[in-house]
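Each of the two complexes below includes subunit A, the first together with subunit B, the second together with subunit C.
Presenting the complex of A and B:
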């Protein structure tokens, strides 16, 4: 029996979009995620201890209803795979599905149920854990001076990282202002260098900011995690992903994932493909450089 | 040396690498001012493929010395060509000096990405160069790859070796010839009796070369050849992609067969690439009455030498088939696929079905009616 109102009751009309956003941060079969609830929305955090962290921001505007009554910011742990699989059962292709998510249940579970179906109701409970590790705050600090960042077509970034599997080595990312360009290089049993040239007329490198040459190495499997499960909607929507190099060579990779249902009448997509910002989930990856990174 | 390729030449190059990678592991590159040659030999030395390109195929082609040789791993080149050809504007290859340890491949993609690969190379390759004179083969046929694939589709996809039996329509007595309705060529699945085989599908297919082949030349006694299907399919894919027919040259069991693209007459010598696939064939002929005692083996090695050779160089086995004059002995039915009570039955015209024990008597059976798709017919 509930004595208090739950911390959060929210309703979501685009389950598939949420599944896409959460799938983007799956790089292993078993991952423990931490969910943080606030009046601004829901944040899901997963990490590979001290090497790689990913965050999914689902701001409250994505939900058709968001009733937040908690004191402070509840945090709880949940299995990411379990959460995604569960959400998938609510998502029926070609059928609009509205679900209600509530936390906490009587036993601190996460409760989910379908609410728009006339003839059946799907109801799920997921056990949660007290997160025992404080997630490392990858407080991303600017490298100082001019930001070192570039925005590249997400599909091209994924293609380049997939190709860079072949050398079997860590990947060196170099930004240089002189011939304004970005290179990814791997040197193993064979060498591969992928160059992104910054020209005004191609839509490959959309933005580029760099005033000095910098170069850092990253472990391939962590770099790979940032694009391996990129949702197909990101590629279809021709989105760009932003990469920023912060202090010490910390790499931040940002993706935008559409959470809207295209059939919904209220999504505003104008001729330029611009989508109302509230229908987008933000994904961030933080990758630590290899110890012997130079520059 | 270096070259740059784009457009349809790039597609030809990619297709060539795909085919070579299905035959062998190591690619030997030999460059001279007049041509660029790629060849490979499979590990069991039973398949050799060579593809040559003329300089005018390339956007640019430069060779510093008279002959540049090196070898690279085909799986590395396949990694270079992992990017879909449709998204590549051009590929350039550079071997900076004859004793460089790496070959550089640069892809300029339409997306604006530039991918530069460095693959290790071996500058002292163990070159096996094989050259057979096509004119020395007594028999040959030309077939459209699509048609040959259609025939092969009748066989189990896991089939490893196939036997082709070629007969001469004109050398048979005229009444028999009309009885067999011109189905002068047989394709037959080959199953290695030394391997553990249960519940395998045996398939025999008789075809009329005038219907299925573009051209067919074989005179004299029937001959057969048994060879690997895997490389055959790779070569058919290559020819189909290049929109050319396949020319297959053969002699008899134990002698290698040679396949090459058959360019249309108007192309003729002006084609800027050529290819050859040489496959060893089994020493044992499938035509002989009673199988030989020795286990079948692929005609062992195609001995590689550095010089050109004319004529084939394959070990001759001791089992030269003792071919009889009688046409009916030449197509042997496997008794294990006959009716269980030991009687043979015909699925084609009875004139072609022979029991091992029965004396052929063409005369009577020729009187029987002929249908284009012969029904089940029991012999008396």
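Presenting the complex of A and C:
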């Protein structure tokens, strides 16, 4: 028996927040994820071969305890579905349960256990695997010059993308500086175009940065993956999602998910301390454009 | 063969708000078994691979003016669709509340009848609900099966007798909601649930697959029946280790059941029991859950109502 200290022991008091954040990148039933541990936190990465990648950043500030002892950055693979379903069993509605996560266990497992009650304990061991070799490079580079980006209310973005299901196929995203606007245009079983005019919809299109017209096409199903499992807390909190177009038309979609501890609605005095601004998980999707981009 | 009785207000409440919703979850069809003193709702008693549930009421708990007669020691049994029964009781209740004002006696009568259904030449058996209002009467016929023959009733009675064996150790679970919540989420992870119960008052439920093991441990539960003290040195070990040690030392039993069966049996909390006892029947024959009901406003067991489930064991385990 080895008694080496594990690479990571951390404790979390908002399981539901973590479930929400991880669910956001769950776009199909069987999905392999890679977890990367570092002194800054935990990053979870999922990919669809060469087209779509998503990352969830769980910074160490989200955890009530974060003891990191590894050399380098340990990486391991787990099934995302299993991890989410498992974490979900720890989340008790109406309670904020505290869990401890440890890696590795004696057999390289990911170990989880609830630690908020002495007489009832939930525990889990998830088998991990050696992650696949270097993933396809999604390094995102700015397109140069003024960043091409806009921030839109998450609910509006989701609604627009849901609406575009009908034409399906591929969706063309166009940013125009002259009449500052963003348009999503679907052509497939018919045409549908959703426009966000910056001056007309400042409550929806919160920020807009663009100095030249750009237009790229993205596969609908990948675009949809970026919003299909958006946690309801994102919409409830009325958050914005930021979309940036990088070199070669690579689209970056960023969401913010609250990982705050549940606090009863009437204990607002207490909650001031808990609702730390850093209790946010960052979620990023990278979507590659279809080949016929006209940049 | 005759059966006629009036449901009491308490009886209506018990059935409409509590037991029928719970029993409906256990399965659509059940045996209704009436004797001189008891009314029983029996699920899957003649079928070993589903959850058996046995709900028994003393006649006074549900009825007054209870009259039953049959040539088979005044025992009558038939199968009935619980959801139809529930619907009939529910609408009778709404008729009573709608038309019943003041001291009008709105009594709900249940009667076993044979009637000629429309478009049929064969009379069919029904359980008839008759609600008498001030000026009107509403009659609802719930179709039932042909009453069971003498030998079928005997078979049912035997199965019922067999289902009464008590586990040697029972542990008490108070927070059924929490357990149900947990098991409902656990269902996504796997199908086979290991349940282990120790004489120390520990209950473990665990799912293990090649990729994950996920479990919960409930400690320091009240033990009824055989009990033992947990060795002090074991108290700080991990849940899995403690459970394994207790089994090795003969202080715990473990069985494997279908997680869906386990979740289903927890649906019995719709009947609003005050707590539940879990135990493993001798020889690991089944996992038994006994729901306990208190006399309202007291901590005394209401002996006129009983409900228990027996979950088929998939693997005899370590018993």
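The rule we apply is simple: the second predicted complex is superposed on the first by the 276 of 295 C-alpha atoms of A that agree within 3 Å, B and C clash if a C-alpha of one lies under 4 Å from a C-alpha of the other, contacts with A are read in each partner's own complex, and residues count from 1 in each chain.
Throughout what follows, a residue touches a chain if its C-beta (ideal position, glycine included) is under 8 Å from a C-beta of that chain, and two chains touch if they have at least 3 such contacts.
Everything numeric in this text was worked out from a predicted model, so none of it was measured.
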Partner chain in contact with A:43 - subunit B first, subunit C second, else both or neither: neither
Which of subunit B and subunit C A:205 touches, first, second, both or neither: first
Touched partner set for A:195, first subunit B, second subunit C, both or neither: first
Subunit B versus subunit C as contact partner of A:79, first or second or both or neither: second
Contacts of A:156 with subunit B and subunit C, given as first, second, both or neither: first
Which superposed partner A:33 touches (first subunit B, second subunit C, both, neither): neither
Doubly contacted residues of subunit A, that is, touched by subunit B and again by subunit C: none
Of subunit B, residues touching subunit A in the complex: 76, 79, 82-83, 102, 111-120
Contact footprint of subunit B on subunit A as seen in their complex: 153, 156, 159-160, 163, 166, 189-197, 199, 202, 204-205
Partner subunit C, residues of subunit A touching it in the complex: 79, 82, 85-86, 88-89, 91-93, 118-127
Partner subunit A, residues of subunit C touching it in the complex: 178, 181-182, 185-186, 188-189, 210-220, 238-240
